[in-house]
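Two complexes follow with chain A in common, the first pairing it with chain B and the second with chain C.
Our next item is the complex of A and B:
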């Protein structure tokens, strides 16, 4: 059957159906089904979130000051970003102004997360879609050393002996016959294009990045006590500053600041010497594989983040841009208002939920969730042993959020497209520089590779911002302000009987919003609309496909039974399924409607 | 398991010298709190014991346990994965997906029947026929049971697998259920925490590989070596508690001096974990050191014990070795914080009634 979607895709499900479940190297659980034509080109795509945890139901009736800890556990990969969004939502509801130092520390933590998440994503979740570690065994270490010095002259780990040692280690590992994580990979698939030397260089950096990432997050440990899942505080940050006097060792002191500073330098060095050069080098071998753009050239959404001043989320005060692009018109960036009930709505026609009436979208303030797990008439298998889903019916635990009715892409590429369209100076410089270096036109940005490159550029940009806010923090302390928390409204007795608020961040994976209603000092309603809900959304009432689905369309597969291309493009979004699957109801009674047997 | 290489063989074949190997054994002994006499024993074990295959499955979770695991500094995560265990299935990190991933699982189970460790991150939901967590088109519960059937032992990583964690907080809409409630015929090691400390995770694995046995477990099934003492017992701010010196509000002068966070709701007095000794992120800090109270994330049902900022009032036996009266006396002698004193002393008194190792309330449920 051939279907034309309103957002411009021709879906044809008559060809061979390929099922990928589980989709691995992601956070959470996901399934993907595609139909390929006789030439092996994807002509229909179906993405399914396969988990649901019900966190927002659990939040109901709790102390709003605790919500950050619950929502932080939505995701341990983008750890902290939900917590930050949550404290912002509560502060918005209660009109709490945070101190300048708290704003700087929060920004440092959020930027630190961006860098950590992007590095781990690229090297440990995504690289194996481009890099073949088995092929690295055929590399000449001397040539690899030359390659390394050519692509990144300032990276100190570049000697032939270094690469030979890594190669030997890899060789022994492979020869042991126990391939561990590399087992059953697609290592003879022609979709892998790198020469052995590039494979060895990138595999070596896989290991370097694994060592480095544990250093990056020490910034979270310093300010938040641990990582994953550092601690946060409504009204500021929990860590006090004491740079001068008695007891300074019990607070953020000079030694702590020096440690933060040294890690910021390590982040910068890795971004500049390894991450960005690797993406350029690897990308150079895949310049002819510019599939996977999907919605990125058509519809992008960003809420913006990293405010210069506490509590000021006006777009011109944010270092990561806010705005929406629709209908592929990059000349116009639309303002986004997350409070407007007409702008953001969620649909459930193809999700395993039901509303009172079909075909409506609900703003997060008015969100309803009633689980309704059922397979369509054309599904194959049984309810507990699904062979093929029926995308004409309900087929995912993810809802379908829309901005003014449009399916949107969110994430690093969306942020960079919005920033580029706005003429954001730092972003434009980076993008133009990259395109010039790689000798690619701007259209190349709208691709799987573009998404991966935008993430690397953003990591580098966030590294600079991290340094900026560190300096700002120190300067503020020099000026005598060591305050980190505003406790004027800590006690619930100071709160109005009813209030509601919104918190926004740009999580590593894209625009993230939490909507909270507080009544009598308790959470009356809590709703999260998260990046992977946008990107991984199923079809909506009008039949618009979501960003994952759109990005897979018309991609040729070398071997349809080996999902290298599907993984490559899905991974370029850095899917986070534990985030994306959530629920809430308007008035608090949905526990009776979630069918628990 | 003769087809599996020993640690030593692998380390040697990867260019690690005998000298480095012995150094590694010393570090392992030290990390486990063992004396130098244990070094040759560890070396011997590593020379003769085979590398153990590990299957790591994921249910309802947030992946913080995997993220914590890769933060391990000693041993490094890369050394664990390349040289110590054979991580033959882990959907978060493995290259293969879909059918090829499922085949890797199947092959590992068949080849190493009875000899692999099953590591579980997250838990199975039982509601909706288990379909709140789907893997390979089927309920995750099926996969869990299938993988557990031939496992040598099961490790329940983190609060999710051990106790249920956040998705099992009231009202637990998906009926998320800890592993030991559905797998009842295998030895299970609970390594709770949200997440557990990285070096505790690798420490547990290393212990099992080194001694070829399960670590000694407490009544709740946790390794005694890491979970037998409360954070409060070894907290560096404990002297401030004993002296009655408390943080009164966030960012007050006492907070800046690093006083005790008890009055800010710290759950250190009722939480069994190694945070105040091993600390986090290569010893960089731990929650209390960074100014926020412990939220008790390694305790059963910690989400449902009231606000994280409520003061602990039902202390399950306080006081480490020294008795609670002495603690109270010391507090009385120092500061005039009458309210603080009252709270602390009455908490101590109520705590005195309870016995050591009392299981938390949900354990027998």
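Our next item is the complex of A and C:
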């Protein structure tokens, strides 16, 4: 059957059906089904969250001041971002103004988390879609050294002996049979294009990134009091500052700040010497593989983040841009109002939930999370063992959020497309520089690799912003303002009987919002719309496909039974289904199963 | 064996018996005191964030809910090389894949603790979002803590009855008592779904 979607895709489900379940190297569980034509080109794509979503239900009736501690446990990756979004929602509801230092510290922590997430995502979750660590064993260390010096002359770790040592370590690891980290690879698939030396260089940086990420997270321990699970506070940040203290009381002093400063420098050096050059070098071998753009050239959404001043989320005061692009018109960036009930709405026509009536969308403040699990008439298998989904009916545990009815892409590429369209100076400089270096037209940005490159550029930009807010913090403290929290409205007796608010952030994976309603000092309703809900959404009432689905369309596969291309594109979104949904079955003991029907 | 020891509770407290590991380390902190060479840590579902803690430890003890297909509440203790294999025997949740990878990564980096002990418990219920430990699993916590203290003592990390003051545990709002005691009723906060995630439901 051939279906034309309102957002411009021709879906044809007559060809061979391929099922990838679960998609590996992501947080959470997702499944993907595609139909390929006789040439192996994807002509229909179905993305489904296979986990029940229910994080809202546990917050009902709790103290709003504790909500961050619960939301921090939703996910093993964006803990801090959820906590930040949560305290912002409560502060918005109760009109709490946070001090300037709290704004700087929160920004540093959020930027730090962006860099950590982007680095870990690229090297430890995504690189293996492009890099073949087994092939690295065949590399000549001397030639690898020459490649390294050509790719990044300023990176100090580049001697032949260094690469030989890493290669030996890798060899021992692989020979010991504990392929562990590198299992489930399709290592002889022709979709891998790197020469052995580039594979060894990139695998070496996999290890360097592991060392770096251990350093990066120390910032969270310093400002959050501990890590993992740093502390957060409604009204500010929970760390007092005493610039000239000796640190014995746990306050932030000059010694702690110097440690933060040295970590910020390490992030900068890694972005500059390793991460960005690697993306350019690896991308250079895949310049003919510019698939996977999906909605990025059509419909992008960003809430914006990193405010210059506390509590000021007006777009011109944000370092990460806010705006919406629709219908592929980059000449117009629309303003986004997350409070407007007509703008953001969640639909459930193709999701396993029910509202009072079908075909309506609900704004998160009016959100309802009531399950309704049923398979469509054309589904194959049973409810507990689905062989093939019926995408004409309900088929996912993810809701379908829409902005003014449009399916949107969120995340680093969406932020960069919005910023580029707005003429954002830093972002435009970075993008133009990258395209020049790689000799690619601007259209190349709208691709799987464009998404991966935007993340690297953003990591570099966030590194610079981190330094800016660090300097701002220190300057403000030296000028005598050591305040980090406003607790004037800490006691519920100071609150109105009813209030509601919204917290927004740009999580590493994209726009994140928490909407809260407070009644008699307790949480009455709490709804989260997370980035992967936007990107991984199923079809909506109108039949528009979501960002994951759109990105897979028309991609040719080298070997349909080895879904390297599908994983590559889905991974480029850094999907995180832990928070958009939840574990469905206790019997998920399979590794990736690929079924071709 | 001397050096340092890390006592890690892992799992997601929001998923009923998934919280076993985290609750064990909480209970250990409430009832025992160690020397400065022992670190107690609520690891949640943090994956690679835990790597620095593994690097710093010579001995690692992990509390976790692990599905061995046994009767709910059955304890299972495994040591050293067996640990990663058992944690991957059946992946019922996110963090086990994650933690297996954390161990593999620390092995690749050459910083994996020399001794490993997994104190596992067979869960009864995982599919209850916002729920607490089931009685049969909660009842095993004192025993799990006893096993841990005995093993650690044999490894040279003796403990005394008392209390460990540390920042490495969950925020007080989601500690065991506050979390389970503060849960809204089912009529206030709907917690039902379909047969797939509540297979034993009425």
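Simple rule for what comes next: the second predicted complex is superposed on the first by the 571 of 597 C-alpha atoms of A that agree within 3 Å, B and C clash if a C-alpha of one lies under 4 Å from a C-alpha of the other, contacts with A are read in each partner's own complex, and residues count from 1 in each chain.
By our rule, a contact is a pair of C-beta atoms (placed from the backbone, for glycine too) under 8 Å apart; a residue touches a chain by one contact, two chains touch by 3 or more.
Small disclaimer: the values here were computed from a predicted structure and weren't measured.
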- Item | Fit or clash between chain C and chain B when superposed on chain A | clash
- Message: A:459 in the overlay: touching chain B, chain C, both, or neither? Say first, second, both or neither.
- Response: neither
- Is A:47 in contact with chain B, with chain C, with both, or with neither (first, second, both, neither)? neither
- Task: Once the structures are superposed on A, label A:186 by its partner contacts, choosing first (chain B), second (chain C), both or neither.
- Result: first
- Task: Please work out whether A:370 is in contact with chain B alone, chain C alone, both, or neither, and reply first, second, both or neither.
- Result: second
- Regarding the shared-chain residue A:21, is it in contact with chain B (first), chain C (second), both, or neither? first
- Task: Count the residues of chain A touched by chain B and by chain C, then name the partner with the higher count.
- Result: B
- Which partner does A:535 contact after superposing on A: first (chain B), second (chain C), both, neither? neither
- Query: Of the partners chain B and chain C, which touch A:66 in the superposed model: first, second, both, neither?
  - Reply: both
- Message: Quick check for you: in the superposed arrangement, does A:567 touch first (chain B), second (chain C), both or neither?
- Response: first
- chain B stretch colliding with chain C in the overlay (listed: 8-16, 98-106 or 152-160) is 152-160
- Item | chain B/chain C common contact set on chain A | 27-28, 52, 54-55, 57-58, 62-63, 66, 69-70, 73-77, 79, 120, 124, 169, 173, 178, 180-181, 207, 210-211, 213-214, 217, 225-229, 231, 371, 373, 383-384, 578, 583
- Query: So in the complex, which bits of chain C are touching chain A?
  - Reply: 12-15, 42-52, 55, 67, 84, 90-95, 98, 100-101, 104-105, 107-110, 126-127, 129-130, 167-168, 170-171, 173-174, 182-184, 188-197, 199
- Task: Please name which positions on chain A make contact with chain C in the complex.
- Result: 27-28, 52, 54-55, 57-58, 60-63, 66, 69-70, 72-77, 79, 120, 124, 169, 173, 178, 180-181, 207, 210-211, 213-214, 217, 225-229, 231, 352, 369-373, 383-384, 578, 582-589
- Given the complex with chain B, which residues does chain A contribute to the contact? 19-29, 31, 50-55, 57-58, 62-63, 65-66, 69-70, 73-77, 79, 120, 124-125, 128, 165, 168-169, 172-173, 175-176, 178, 180-186, 207, 210-211, 213-214, 217-218, 220-233, 235-242, 245-251, 259, 371, 373, 381, 383-387, 397, 482-485, 487, 490, 561-563, 567, 578, 583, 591, 594-597
- Query: Quick one: in the complex, what on chain B touches chain A?
  - Reply: 4-5, 10, 13-15, 51, 53, 58, 60-68, 70-73, 76-78, 81-82, 86-104, 107, 125, 127-140, 142, 165-167, 169-176, 194-195, 198, 237, 249-251, 255-259, 275, 280-282, 284-292, 295, 297, 303, 307-309
